[in-house]
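Chain lettering (A, B, C, D, E and F) follows the sequence in which the chains are written, and residue indices restart at 1 in each chain.
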Amino acid sequence: MATTSLKLVTIVAEPVLESQLVKDLRHLGATGWTIVEGRGEGSRGMRASDLPGANVRVETIVTDDVADRIISHVADRYFPHYAVIAYVTDVAVVRGDKYARRVC
Amino acid sequence: MATTSLKLVTIVAEPVLESQLVKDLRHLGATGWTIVEGRGEGSRGMRASDLPGANVRVETIVTDDVADRIISHVADRYFPHYAVIAYVTDVAVVRGDKYARRVC
Amino acid sequence: MATTSLKLVTIVAEPVLESQLVKDLRHLGATGWTIVEGRGEGSRGMRASDLPGANVRVETIVTDDVADRIISHVADRYFPHYAVIAYVTDVAVVRGDKYARRVC
Amino acid sequence: MTGTSTADLLAANLLSPFVLAFTLGVVAKRLGSNLSLPKDVYEGLATYLLFAIGLKGGARIAQAPLDQLLAPTGAALALGLITPVVAFAVLRLAGRLSRVDAGAIAAHYGSVSAVTFIAAQGLVQQRGDVAEPFLPALLAIMEVPGLVVGLALGLAGAGRGDRPLRQVFHEIVLGRTLVLLLGGLAIGAAVGAERLAPVQPFFEGLFPGALTLFLLELGVVAGARLGDLRRVGPFLLGFGIVVPMVHGVLGVVLGSWAGLSVGGATVLGAMAASASYIAAPPAVRLALPDANPTYYLTAALAITFPFNLIAGIPLYYWTALWVAERMT
Amino acid sequence: MTGTSTADLLAANLLSPFVLAFTLGVVAKRLGSNLSLPKDVYEGLATYLLFAIGLKGGARIAQAPLDQLLAPTGAALALGLITPVVAFAVLRLAGRLSRVDAGAIAAHYGSVSAVTFIAAQGLVQQRGDVAEPFLPALLAIMEVPGLVVGLALGLAGAGRGDRPLRQVFHEIVLGRTLVLLLGGLAIGAAVGAERLAPVQPFFEGLFPGALTLFLLELGVVAGARLGDLRRVGPFLLGFGIVVPMVHGVLGVVLGSWAGLSVGGATVLGAMAASASYIAAPPAVRLALPDANPTYYLTAALAITFPFNLIAGIPLYYWTALWVAERMT
Amino acid sequence: MTGTSTADLLAANLLSPFVLAFTLGVVAKRLGSNLSLPKDVYEGLATYLLFAIGLKGGARIAQAPLDQLLAPTGAALALGLITPVVAFAVLRLAGRLSRVDAGAIAAHYGSVSAVTFIAAQGLVQQRGDVAEPFLPALLAIMEVPGLVVGLALGLAGAGRGDRPLRQVFHEIVLGRTLVLLLGGLAIGAAVGAERLAPVQPFFEGLFPGALTLFLLELGVVAGARLGDLRRVGPFLLGFGIVVPMVHGVLGVVLGSWAGLSVGGATVLGAMAASASYIAAPPAVRLALPDANPTYYLTAALAITFPFNLIAGIPLYYWTALWVAERMT
């Protein structure tokens, strides 16, 4: 089956950031995202939640340049202040055009 | 440690499809799957759920040809009618024989 | 944006193992992890839970050698007795130094 | 019944904690509040309400002579067969909707909203009336054909075989709603009112309050759909009010004619008038995936449910009183 | 007690909302229904039930002279030590199971099912009797050795050291079940019945109804295990019925001999007869991972629990009456 | 009031199910128990408690002459403006904390802990007193400026503009706490005590028990923070006890002076003394991300909340009695 190579950007963040992050993703060119709730620990300890360690795991499949824009934005805007990580994986999708807002 | 290269197929779908999808996976040769519940948005907006946007995220580690069969099937059977995405990642697993129903 | 190549190790395991697994991860050199709850089926059927099939999905981003240590450990210590799988994916992260306990 | 005008009834109904809690949920959502009951609590409340309604009916069912059951059963069955056809015809002929969209909506209006049923029981009780104890069984009898006929109309000619229909049939009959209602009914009847007494502080005493909390959350869910009102257009808005009134009055008349009390006829009318938004949507999604969910969810949840809760149920009650007067 | 035959007791017990709700859950599951309480609600109900039982005992504990505590404590401890050994011997000698499997099952039958305990309290109360208020403390005293002895038998010779045993000991003593029962007991005793009054509509009034809902879900869980009955074979089926009867009668006799009332001896018997399926499984899974979970889960949840709920508890009650008559 | 010494009050308060359930949660957590209410149940209980408090006030509000509202409203507003400034000054001058940390903590002590408010209502009721029905509205009036002023102090000079402040303002006003309290108040007032009667077994009868269960879990959460006490140091420990006393006494005095009853002044004092740990933390996290959450969470939840629950509320009550005596 013919597939397209795209980037899967995963962001794990404090729950208070969810709505802002989703707005940012849409604005930076993502056409969709999937969120699951989880918990975790990292290099920064405590977070502002009754449920210590609760976080949201946001995934978005995007084109290479959108992926780059997203991780730059997350690194600039959130890393210095919030408990957030972001990483990128290569994925193969069917019907790749679904994931690009414009021609790329 | 010796590892085997396999495919991780991830399907994000409306909750009503879960039981059918799992049946399909088993039928197409997957030996296991992991499901987490999440929410999301994509190019198709509204779905049939009191909880708008709720979906299930199904992962299955399979051999290359099974991966191909799964994404073809999902693309044919579900993409035209339902809110579903599917993508494939390369993974390295220990004890790779666990993930193949027969020799491949 | 400059990124570092690291390994994402994912472990899907029975819930009773969670606290022990997290201890092991820390001990083997992981600097963080993210856990989500899910359910699944695999080659071993039944597990000890009122909720048959419930499991935890633990993700940790680590350096190559830590990844190797983790999957060796999981393969030795848990595979023979428990319902557990583990797999490794390549990921690109921003600020890679965050994921290494010491220089590597 | 002197003095019980529709206006009085409406006013009394509007100031009930049920209607106001629903309204609070809608308003909070529309203003952008994050107010929401956790999913598990909402599901737990739904389970509780359905089971409690069943138990309550069961405990009183011994008092209902069995020969009184036949005619109401026929009425419920007839309503389950007629209401989706009426809805489908209106949607196709007046609304010019596609076959799948019309079938999907018809399936919702053929099946029964358990919460509307419960709210109708509440109003009837508040007026000092009682509905026959076997009404939860009638819900089941109306629900199954109502949903299946709607789906069949939507599927006709689609060439997808009857596989979805059979699967859907299975899912409705064994779905949570019917299992809890009928299971509760059977347990209540087997145990009897006296031995049920120790569990009644839970199942009876808490019922109105738990319903209030449930409606608060249902208001939030409906509020989220209100934004789609513009997208569905004026036809569906009218449909979601007029068709329930027709179905409701038909239900009241058939129920009264079948010998139901004023309370029972009111509740039967409310059942006919209601559109399911818990049981129907997943069944419709599976069987008619190409129907637009915005249409049926918005119509059922954001138009018809509030209409019935606020104005419909009092209207059916008033109709039942009116019919009862004419018949004696 | 004239006229209280086992048959009467059984019939009365069968028609209780508790047994019927459990049955509804089993039947729904077996028919393929998706009926199920959400996980969080199920866990919340379990917390509520355990804490309520503790509070209730605590509020009445002042009325229990402390010197009456010694003999029952000894009886509970003895039962905690004997029952896993009996179970293990039967499994090894008559059933020819492997050491780990026998140990895993013995740990379940040594420990106590809190829900069986609660159901026994319910039946006793229904018969107009009362159990001594300190029984929740006896549950703790029986649970810990019961589970640990079973695990030790399974581990012996496995060469895995005593690390798992110590960890498991820690987990049982600090597990939710004991903390809620003992914590509730302590709070109830400290606060006293009078100052507890405002919280009693919640903790006492709702108790039977909440237990009914909990048993509905437990029925669903047990129903899911019923399919494994064939896999575990006739030996375990017999084991799951006969051994509880032996343990139960032993518990009643020891309890009566230790001075417990008819109600108290019944509950002690039910505790000894019961097999844990909430606290034991994770402990066993950790310490004896190579034991087959199908065996112990099916035996405890799909065989012994329903047996005790339906027939065992009435039997222990009848035995306690019989013993009490002989002793006076 | 003869004989109602602070010591008596303290002792009575200590032996309440509320305080002891909280203590059980703390102790269980510190010992390493896994005891914990499921998240959805905890959230569901919070929703229930807030809505119930609102309804209860609303049902009695008709009895409160409106002209009695003005002065207490002014008092609440003043407290909302003064308390964060006092806290901020102490933190900066005596504690030498950074501006953002001081602002973050001040925002917590400016806003109101709904559970402390509820617990104060409970104690007042237990003493046979009643607080004015409109107090939930005063909570809203104090909460908004209290939180906003604290944040503004922390942000001043940070050059981040007022975007966060506006967003936070929106989130507080439409947050669950205020919507449920004010919504409940409005519904209670509209429906009136009589028509509210059917829902009262749920919203009033269960209230104390539900609060007990909620406090058990809150104890678990606070217990998890206790380990951080060492990290925050003696200054914050003292701050978390002394500043609430100052705010509490100020609240009582202002409230009495504004014409509130002894019960009402106690509750107003408890509100002023309390530090929010549900509504404030996310707002502060968003607006002042560089403040250390360990400081504000530990101070609010592990120091000030237990202090108020155990000693503060009885103290404010005693102060209110004392002031009332001097004033007449």
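What we mean here is this: a residue touches a chain if its C-beta (ideal position, glycine included) is under 8 Å from a C-beta of that chain, and two chains touch if they have at least 3 such contacts.
All values derive from a computational prediction rather than experimental measurement.
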Labels of chains that are neighbours to subunit C and to subunit E: none
Chain whose average C-alpha position is farthest from subunit C's own: D
E-F or A-F, whichever has more C-beta pairs in contact: E-F
Distance from the mean Cα position of subunit D to that of subunit C, given in whole angstrom: 48
Centre distance in Å when subunit C and subunit F are each reduced to the mean of their C-alpha atoms: 41
Whole-Å gap separating subunit B and subunit D, where each centre is the average of the chain's CA atoms: 37
Numbers and ranges of subunit C residues touching at least 2 other chains: 36-37, 89-90
Set of subunit D residues in contact with two or more other chains: 38-41, 201, 205-206
Overall pattern in which the protein chains touch one another (line/ring/star/complete/other): other
Pairs of chains, among all present, that meet the touch criterion: A-B, A-C, A-F, B-C, B-D, C-E, D-E, D-F, E-F
In the complex, subunit F residues that touch subunit E: 15-17, 20-21, 24, 27-28, 31-41, 126, 201, 205-206, 208-210, 212-213, 216
Residues of subunit C that touch subunit E when the two form their complex: 14-16, 45-52, 81-82
Of subunit B, residues touching subunit C in the complex: 1, 3, 6, 8, 22, 31-37, 61, 89-95, 98
Of all residues in subunit B, those that touch subunit A in their complex: 12, 36-43, 55, 57, 68, 71-72, 74-75, 79, 85-90
For the subunit D and subunit E complex, residues of the former touching the latter: 38-41, 43-44, 47-48, 51, 55, 170-171, 174-176, 179-180, 183, 186-187, 190-192, 195-196, 198-203, 205-206
